[in-house]
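Okay, so here's the structure we're looking at.
When the chains are written out, they are named A, B and C in that same order, and each has its own residue count from 1.
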Amino acid sequence: MDNSIDTIMVLLVLMNLMLLGLSSLGTCIRVVAAQGITLGILPLVIHGGIFDIRLTLFSAAIVGLKGIVFPLLLSWAMRDVNAQREVEPFIGYGKSVIAGPLALAVCMWLGSRLPLPLDIVSPMVMPVAFFTIMCGLFLIVSRKKALSQVLGYIVLENGIYTFGMVLAEKQPLLVELGILLDVFVAVFVMGIVIFHINREFDHIDTDRLSSLRS
Amino acid sequence: MNLISIANSVLAVLLAPLMFGIINRTKAVFAGRTGQPLLQAYYDISKLFQKGAVYSNTTTWVFRAGPIVGFAAVLAATVFVPFGGLPALFAFKGDFVVMVYFLGLARFMTVLSALDTGSSFEGMGASREVTFSALAEPSFLIGLAAIAKYTGHISLSPMLAGINAASWGHAAPALALIGLAFFVVLLAENCRIPVDDPNTHLELTMIHEVMVLDHSGPDLGFIIYSSTLKLWLLGSVLIGIIVPVHSGIFLLDTVSSLLGMLGLAVVIGIIESTMARLRLLHVPQLLLGATALSILALVLVLR
Amino acid sequence: MIPALILVPIVAAALSLIIRHDNLRRVLFVSAALTHSGLTFVAWSCTPEAILNGWLMLDAPGLLFLSITSVLFLAASFYAVGYLNFEKKQEKQDFEDGSFFTNTPEAIFIACLLAFLATMTIVTVSQHLGLLWVAMEATTLATAPLIYFHRHHRSLEATWKYLLICSVGIAIALLGNFFLAVAASKTGGQDTRLLLSDLIQQGNTLNVPWLRAAFLFFLVGYGTKMGLAPLHTWLPDAHSESPSIVSALLSGALLNCAFLAILRSHQVLSAAGQSEFSSSLLIVFGLISIIWAAVFILGQTDYKRMLAYSSVEHMGILALGVGVSGAAAFGAMLHVVNHSLTKGMLFFVAGNILAAYKTKASKDVRGIIGIIPASGVLWLAGFAAIVGLPPFGIFLSEFTIAKAMFEQHRTGIAIAYLAVLALIFISMSRIFLNMAQGKAPQGIPAQAGSETIFNILPPALLGVTTLIFGLYIPPFMNTALHEVAKAIGGF
């Protein structure tokens, strides 16, 4: 079972690296969708692969939302605002891709510094969760398009969700529902706002949103 | 030292050109053509060896030495790589670094002889070759370091012998990452699509082919031969990782490795038929991605 | 009682979406605000019982913050009636760049305001930190449409920044919740629930490194929402671009709610014997906020942004007061009350000024006293109150905090604090006095008629209240404030 969790964790890391290095927004949305589906499988394997109706339903909900609904909403927004790719991010793709594994190494170190007081499923989960959170934050600050920032936000949420899975059996469902609600509404509202930004400005470059200063 | 292991080098010399044949046949099948004979590379090489060579007045001995030294270096590198049931002829601590630098020497000589012609096209090809191999090398070495850490050996034969079906059972992610990184390195080092197109003859886009434009006759034969050998060499390292059959039965191990090489050639053929060459600007990204995969694998085995 | 507090605004919000008649909707709006404050008032005399296994309960800090929110909302609802009357419904021209824009429909605006009240009420009554987090996230969603009331590109920019920055902040706070859950989990045996009372009771069994990390995430996450520098970047934009009534509620109520969330986590850390760690962090963030705000107030040319930075400053003072603790905790709680009242008053008056002068640049505003006399007087009074001149309440609370610093021999912090306050006093007096005095620029019609009971009475009452608190603190409030101060580790 250890191997299947590790495989999922490595897949998550690889998807994060892809997001750091890809410029096509459409591909990025597909990668985020794949990440959502991968995360949806996580609850099924993380607690020893025992069949449990609550976890199965939860997993189905995650796959449906993160894997299907959000990507559809985002690609709808992308088509609507007619933005194909992220041009000239603040930090280049090559640098981002190399920074990725280094950040992962830092997260591994952090993970070893803060040992979980729980009987943990896999020592990979915590560092990968941190890494995903860092990637999400990085995407938010280094990309210019509003759509990429929303993607970064979803990646950030995915990281927090990964961390939350460690606690899935410890704390009641509330926490998980909180994440779903949060992401759902955030994407929904942000989608509307992107639409409005586009209508007002004819672009979704947030770095050009700079009339408000000091 | 195991004298019988010289069979590895003999096998490489005998079978390496066949890889080209298989790749070309796969591409032909995909394109719906009959294609060249499987042994076309052998015919080409023997034809070239029978011809005379033409040398430009502006070139020096470096130009003549390049192909021969390059071939010799790649041939020498084959003695460090185990294949199938046989360990490598030479095995000592850190031999994989020697292997990598024999390949480096071969590339260095090719680049020198390309520069020696004084042609601007060849100089451009040389600069591209050097750039891309500089980006590919970290990926290869870090990947090897990860395997060394995983198996606890720093010699290529025990390193590859240390990987077996059981290691895929509990370290599958790391090994898969290394395999993927090595595959990208293999494509880049051997100038295959998506890094370089071995069929193109437009000087502006070529990398490897443009460097050897001025070579003719036996020199060109050596160059083609050494590039097939290089493919074989890197392929056998890759196959050592992804087809780790160590049953102890010599025949079974060797046959499975040979089948692995056959599969590898087919996969390369499929990639060449389905993908387009990347824009030159995107090649570094691909290689950096491969480096990232290797680092990730190293991080995974280090924890 | 608690369900009523939450349900009244929610039901009213739903109704206001259905009702088609403007005046009827406004009556409903004001009466919902009145009912809410009435219920809050009753809660002072008889403590409402806890519901949902103690997840929702009104303790002393909750009651204090609920009352502030409720009073400010009541004032805002009166002010809103006048404001919505004044706002034209048709497409109109932006006075800064001349582009055309429309307003969000009034029904949606009022519904969002009521939903905002409901979510803030949940923040104040929730005892479960997970629920508190959900409510905080809900406040973000409820306020985003409010900031985007004037549908032009500047308010859109502000809304985007607000949504993105606060969503990230709230996501980080969620991580803090998870860390807290890890700190509360035990190998073998029952885990501690994330209920405040349970956490405080079993404080010494919590895992310390994880608890500290959790507080750090709470401080950064909720601190973003509260507007602690350097996480405050959404705040000036959102405050300057939203309608003044929304700015008043953001500044006087929403920031407080985020502060309450930080206080809750501070309570948990204190119970675990880690109050030194959290206090020092609060002091650092508080000082940074005050200094940062002072620097930006110094060169400020936009009076609404100036008020927004003043909010950053006062949030810094609150963090500083709680961090210094002791008697300063009482001072900080008094300061919460006074700041909300004063800032609400100032934003209301700023709305009147904006309506009369149609500019937010402070250099183009002259002679308020001559054009709109009542607002001019209130503007000056608000100035005296916000910079902490006696006899207004803020003087008392800032003085209490400074005194506590000296008593605890934190002279360095005290001197920095007083020096920055003096700097802010100077830069603010330049802006405020220039706006109030002098000769009004040409082309401003004498609009004495634009001053109605709706836009003068609410700020005036808020100002009088903070004046009273500066002179005399009623005994029931005194005990309540002391009780809150005790809960957060002071006296």
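Observations on the structure shown:
Keep this in mind: a contact is a pair of C-beta atoms (placed from the backbone, for glycine too) under 8 Å apart; a residue touches a chain by one contact, two chains touch by 3 or more.
For clarity, every value in this text was computed on a predicted model and none was experimentally measured.
Chain-level centrality, scored on Cα centres against the all-protein Cα centre, points to A.
Distance from chain C peaks, on a Cα-centroid basis, for B. With centres taken as mean Cα positions, chain C sits 32 Å from chain A. Chain centres here are Cα means. That of chain A falls 37 Å from that of chain B. Note on chain placement: the centre of chain B and the centre of chain C lie 66 Å apart, centres being C-alpha means. On the side of chain B, the complex with chain A involves touching residues 169-170, 172-174, 176-177, 284-285, 288-289, 291-293, 295-296, 299-300, 302-303. Taken together, the chain A residues at the contact with chain C in this complex read 114, 116-119, 133, 137, 140, 146, 149, 153, 156-157, 160, 163-164, 166-167, 170-171, 174-175, 178-179, 181-182, 185-186, 189-190, 193, 196-197, 200-201, 206, 209, 211-212, 214. Per the touch definition, chain C reaches chain A in the complex via residues 130-131, 133-134, 137, 141, 144, 148, 151-154, 156-161, 163-164, 167-168, 170-171, 174-175, 177-178, 181-183, 185-187, 191, 194, 207, 209-210, 213, 236-237, 240-241, 296, 299-300, 305. Chain A contributes residues 2-3, 6-7, 9-10, 13-14, 17, 21, 93-94, 97-98, 100-102, 104-105, 108, 112, 123-124 to its touches with chain B in the complex.
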